[in-house]
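What follows is a pair of complexes built around subunit A, which joins subunit B in one and subunit C in the other.
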Partner chain A sequence: MADHSYAHAPRPLGGSLFTPLTLLLGVLAGIAGVILLYRLFYGLGAVTNLNDGYPWGIWIAYDVVVGSAFACGGYAMALLVYIFNKGQYHPLVRPALLASLFGYTLAGASVIFDLGRWWNFWHIFWPGYAQVNSVMFEVAVCISAYIVVMWIEFSPAFLEKWGMKDVRQKLNKVLFFFIALGVLLPSMHQSSLGSLLVIFGEQIHPLWQSGMLLPVIYLMTAILLGFAVVIFEATLSSTGFKRQLETPVLTPLSKVMFGLLAAYVVVRVADLLLRGALGTAFAATWQAFWFWVEMACFVVPLVLLATEQARRSAAKLFVGAVLLMLGGFLLRINGFLVGYMTGEGWHYFPSLAELMVTVGLIAFEILAYIVIVRNYPVLPAAQPVTR
Partner chain B sequence: MDRRTFFKASLAGGTALAAGAASCPAQARETHPMPPEAVGLLFDSVLCVGCKACVAACKEANGMPMEFSTKDQYWDTPLDISGKTLNVIKAYRNGKMEAKDREENGFAFIKKSCMHCVDPSCVSACPVSAMKKDAKTGVVTYDKDACIGCRYCVAACPFGVPRFTYDSPTPQISKCQLCIHRHKDGKYAACAEVCPTGATLYGKVSVLREEAQRRLALKPGDKTEFPRGHLRAAEEKALQGAPEGKGEQRRQGWKDDGAQRYPGVAGQYLQHIYGEKEFGGTQMLMLSGVSFQKLGYPDLPPRSDAATSETLQHTLYGGLIAPIAVLGALTFIARRNVKPEDGEGGQNG
Partner chain C sequence: MSETYIEETAEAADTVASRLGINRREFMQFCAATATTLGLPTGAEAAIAKAVEKAKRPSVIWLHFQECTGCSESLLRAEHPTLEKLILDVISLDYHETLMAAAGHQAEAARKSAMKANKGKYVLVVEGAIPVAKDGIYCKIGGHKAIDMLKECAADAAAVIAIGSCASWGGMPSTEPNPTGASGVADVLGKPVVTIPGCPPNPYNFLATVVHFLTFGKLPDIDHLGRPKFAYGRIIHEHCERRAHFDAGRFAHEFGDEGHRKGYCLYKLGCKGPETYANCSTIGFGDVGESNWPVACGHPCIGCSEKGVGFTKPIHMTAQLKGMSPPASYPGVVEQQGKSSFAAAAALAAIAGAAAGGAAMLAKNLGKQDEASAQKKGE
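Presenting the complex of A and B:
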């Protein structure tokens, strides 16, 4: 049995909640709130550039598809720690889970504003309405369930703060089941987010219409993004909260990430070759251009993080993680928007209001993260270097 | 957890996954077949004179609002189907536009409305059963009271048919439902009813297909007759005079006798019935002298995307076998790896 010894158990950070940064974040979130209110009264057309050629804009492609993948840190870490039993990464679990919790909860909440007939949203869960063959049904149910599971998984942090010992102990006895669910559910819906594209058939550019492999490609990149985001967030919160860098634990983590990345690039390229789609990457089109940018974002980290020595460098780790996040972002935006070809004459670029909502949502996420880690035991207590 | 237990657990998970995958051939979903009683439209671009009587009739029959594309808003001038328009006739123009139904230096007319696919993407995509395909007639209907407005159907339809009213705070999908609301009054598709040349015909798909084949077999210039309105099979016509309750048509109370025919001359057709094979078939069939891709209709494979998508979903989630098996394996592993302290912390830190 691997021994989990938690030399640095999580603690509230404390500190002031009112800083220029938190105020800015609050204002951005407020603007988004006003726009969303306006949307409820005047319709989607009043604030978005959506049209019948591009019925889905960034509120789906970014807020949900990319946003939830960026929120896979908790999933990726739970997979590593609890399923592959890598106890040394334990200090990373809680902060990652918290970021995931907000990422997902906000993605779920923001979907409501994108639904034209949002007052009917409960139909998805209602027998008689629910249509189980629909990929969107699976995605919606699974994401909702995961949000609930994550709140349960995370509740020890709150219960601790509130001193509800007995509840916490009872929960601890069954926590393993929720942790298992918390690994299963994202595996299901992160792959299904890719499957959403299957029914679009030839309306998706061949560079992204991978058919039956779409779930594999989206799942692999979701886990990859999960690791990248953990590295990204650990670095940022070390700097932001002036704490010691967590490089010693990030270095072996990046090795796992590197292996998965190598496997992903092989799958992605093999799929393009087998479907005979690679030729279209050499055409003079925007799609081909963005494809190469996307591929570069995956291949450069593959080169950058190839050696153990490179993986010890906090700077290289950070750059690699950012590139991977960009790559995962592009894969999804390319699949859902750039490579979505619905016939001539249709154009879409998000409106300022649409962009401000997305920005506000991200701001709200960061703000909530700051508030929580300052007040609840999430981040590991100031740690001595354990090497 | 030691290596042995880990190995066992992985084995359990792997077996579960393999079992899930092995059940896949049984669940592979084929493209749906055409309902035997399917009804639809036959649109013959060669017969269409571009009068747009069907566009106006469709608006009236479905209570759709006017739509303007000119500065002076004198009359309804939709350029495409939209949240306000379920049916349009579009023009194809090339070069000098000297002859009708010719690709080079010619022009042609084409109808755009729902194809009533045999295996529709919109129905497979809709998460709340707002899009439905009638098991008997095959008509694809929309129920706004069920709809959540997610627009997955808009994005999924390969013909770009479902449209959405983005400008409304209470938006909805707009699409042709083959005028089923008129059936109870003994009427059929308004567009076919008013079409002066029979370019748009209503009827059972099997009957319409025969008529399409008949036209393709004619030589250009041959004298022939064209039916107009509601085309019925011979045996349906025989039932026309039958007493109440005897024949299906009688019961449905079609007011039109379906006997309208006029003499004409066969035009030049491409030997292709669009919608016979495309995408697993559609209940609107089309004939044309100009290639369908030039007229804005995609070149689609015979397998429907709905079949591919549902095969994938059933393989992974059929009977929830695979997810439950994987959950079992994960629970088994997690139970060994999760320490009581995982829920605690804050005490020894």
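Presenting the complex of A and C:
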């Protein structure tokens, strides 16, 4: 099965698929499925709180924009391991890639449910229908391509399980190409997700309308989120599957993350100062409130993980990663919903059904992750914790 | 189109143009405009040009009965061609009470001689309704009753064209209680004739019909009421420039209200566009383009060309929708600007709380592990 050329060769975890957790996740995913089916037949109005002022809600802002950023673990790790040649992080790549795989696939699928005339979704891939100058087109095609690339990148895990050595060997020869694409594509569309806001101009609150710097801000936070998610997910799966903590690998990783975080905070604050937008952060508005929460989520980890000592603590790493994820989440939600000012009187708050779909989507991702790591070689072979 | 054909057409155009005393360009514009009104394919304007050149000017006898001469007036205002050039030169107008120079017995003699000379070949145009009550005594010209004059002239005509709503189906004079028994030409003659209803009708619908007769030797296709299909094949509503407002449920409710000023649909002010067959919404009036017809001016269509609608239904009575049914529901004019639900807010709070709690518990446990490993190292 797995080749044993290196000590941490991934192995299936094994174990039962039916636990109270997986059943709960299954039920949540099932509820989301039913709601989505209802939406396909009865339309967006029947399920969501979308209106003419807010043509997109959490299905885009969370499921696609935040969801794909949370799914940047695979991208960030590939960038680190293959581009910056940091081989010691290799054991983290495959689990990160798996999380990304479902994050992205479901983000892509969510777009279909958010389209009013969803049966026309294929038009964007069809020459003559597609508007090739639009940022939305770039995002759509790039994300779709990346989903395919990621499945190819991840396919060795399946091929190992199914014993298809020949295919595996042939794939190995060309895999570098897909890995390169797997780094290029997210760089393109994660920055483009920021560019989407550029064209909204003054409809976006000055705290989030960074103009031509938006792509930079979104790309930096996407990579940042990628590292944070890897730490979060590694900690969670070690605890959940009762395995040794991966802190020794995560500590140096968090140093990279810390450097990037410091750079991001500088860029973000400098942008606000130079545009003269910081003043609006002191107004008594919801936007200002959520801005400070968002900034706190970025600044607190900067303090928390400042020393090498602190970065050796699994607890601080975890808290820092969670805060960063929250910060990245808020940056996107703030930009796309909270700071989206479409005119007097319009407001949007997701309906219960919308929320349940998002919850179900997350549940499905976790469920799929559990099923795959139990059955396919993803997590590095390691001894269970002996305590 | 072959080259010789173009040459012939050009020649024809030159001949006619000089005969009519207009320049060639104006003449070709007339032919093209007429071909378009008739809905004929490209190239038809050439056939029209040739026909107008070659055809011997047909004799036209134009009778006036119960009417206001509005139809003749609107024809006089036609710009391409100007009536005095084309109608008087392309056709030979041998009898027209308003336009002819002759008067009295001289005029009646002109009619008799034209009928005799062009027996079976002249075109009879009737303007105005014919009173039939009390043996038709309500309208007499030169001592002859209208009903007798019509029957006499129609007997030997090659074609009979009823212009205006009065001649077509009785029009305004036939409005209840109709003491004179005003009737349309077809009713009096007991056979179908070509009708160009309208009050007044668009002059180009009449001109196009005449030119069609000259070009093809027959009258255009007509519907069951004798109306040329090219002009009366569709209801006004179908091609109305305000139709989008109707479909979106945006209506003017009274004159001068916001909707009226914004040019919304006039249906609720009684516009009869949805039950009136005519091409007013596509060709307009007075040669000034589409800004000049009742609806474009902000007044509802009164259905002047439609029997049972114009001069019958009150002007502001809501029209009966023909050949179409309104959608089951209209998109709202006032869009809901967003709704909130307590359940969703509560659910979101619960999810956030659970996630925060879970993360805190996990962090606490990790902290204990950190301490344990630190102690181990310390030992």
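Quick note on the criterion: the second predicted complex is superposed on the first by the 377 of 387 C-alpha atoms of A that agree within 3 Å, B and C clash if a C-alpha of one lies under 4 Å from a C-alpha of the other, contacts with A are read in each partner's own complex, and residues count from 1 in each chain.
Basically, a residue touches a chain if its C-beta (ideal position, glycine included) is under 8 Å from a C-beta of that chain, and two chains touch if they have at least 3 such contacts.
Everything quoted here is computed from the prediction, not taken from an experiment.
Engineer: Could you tell me whether subunit B and subunit C fit or clash when both sit on subunit A in the superposition?
Structural biologist: clash
Engineer: On subunit A, which partner's contacts cover more residues, subunit B's or subunit C's?
Structural biologist: Partner with more touched residues of subunit A: B.
Engineer: So, A:Asn51: does it touch subunit B (first), subunit C (second), both, or neither?
Structural biologist: Both partners.
Engineer: Touch check for A:Arg374: first (subunit B), second (subunit C), both, or neither?
Structural biologist: After superposing on A, A:Arg374 lies clear of both subunit B and subunit C.
Engineer: Taking the superposition on A as described, I'd like to know which of subunit B and subunit C A:Arg275 touches: first, second, both or neither.
Structural biologist: Neither: A:Arg275 stays clear of subunit B and subunit C.
Engineer: Using the touch definition from the top, say if A:Arg243 reaches subunit B (first), subunit C (second), both or neither.
Structural biologist: neither
Engineer: Can A:Tyr82 be said to touch subunit B (first), subunit C (second), both, or neither?
Structural biologist: The answer is first: A:Tyr82 touches subunit B but not subunit C.
Engineer: Of the candidate stretches 44-52, 260-268, 314-322 or 368-376, which in subunit C collides with subunit B after aligning the structures?
Structural biologist: The answer is stretch 260-268.
Engineer: Taking the stated contact definition, name every residue in subunit A that is touched by subunit B in one complex and by subunit C in the other, in rising order.
Structural biologist: Looking at subunit A, the two contact sets intersect at 51-53.
Engineer: Show me the residue ranges of subunit B that touch subunit A in the complex, using the header's touch definition.
Structural biologist: Its residues touching subunit A are 1-2, 6, 82-83, 121, 124-129, 144-152, 154-156, 158, 160, 163-172, 296, 298, 300-301, 305-306, 308-310, 312-314, 316-317, 323, 326-327, 330-331, 333-349.
Engineer: List the residues on subunit C that touch subunit A in their complex, please.
Structural biologist: Listed in rising order, the residues are 335-341, 343-345, 347-348, 351, 359, 362-367, 369-370.
Engineer: Residue numbers of subunit A touching subunit B in their complex, please.
Structural biologist: The contact residues of subunit A facing subunit B are 1-2, 4, 6, 8-11, 40-46, 48, 50-53, 55-56, 81-83, 85, 87, 90, 94, 114-118, 120-121, 123-124, 128-131, 133-138, 140, 156, 160, 168-169, 171-172, 175-177, 179-181, 183-184, 187-188, 191, 195-196, 198-203, 211-212, 215, 340, 342-343, 377, 380-381.
Engineer: Spell out the residues on subunit A that touch subunit C in their complex, using ranges where they run on.
Structural biologist: Contact set of subunit A toward subunit C: 49, 51-54, 235-236, 239, 245, 313-315, 318-319, 322, 345-352, 354-356, 359.
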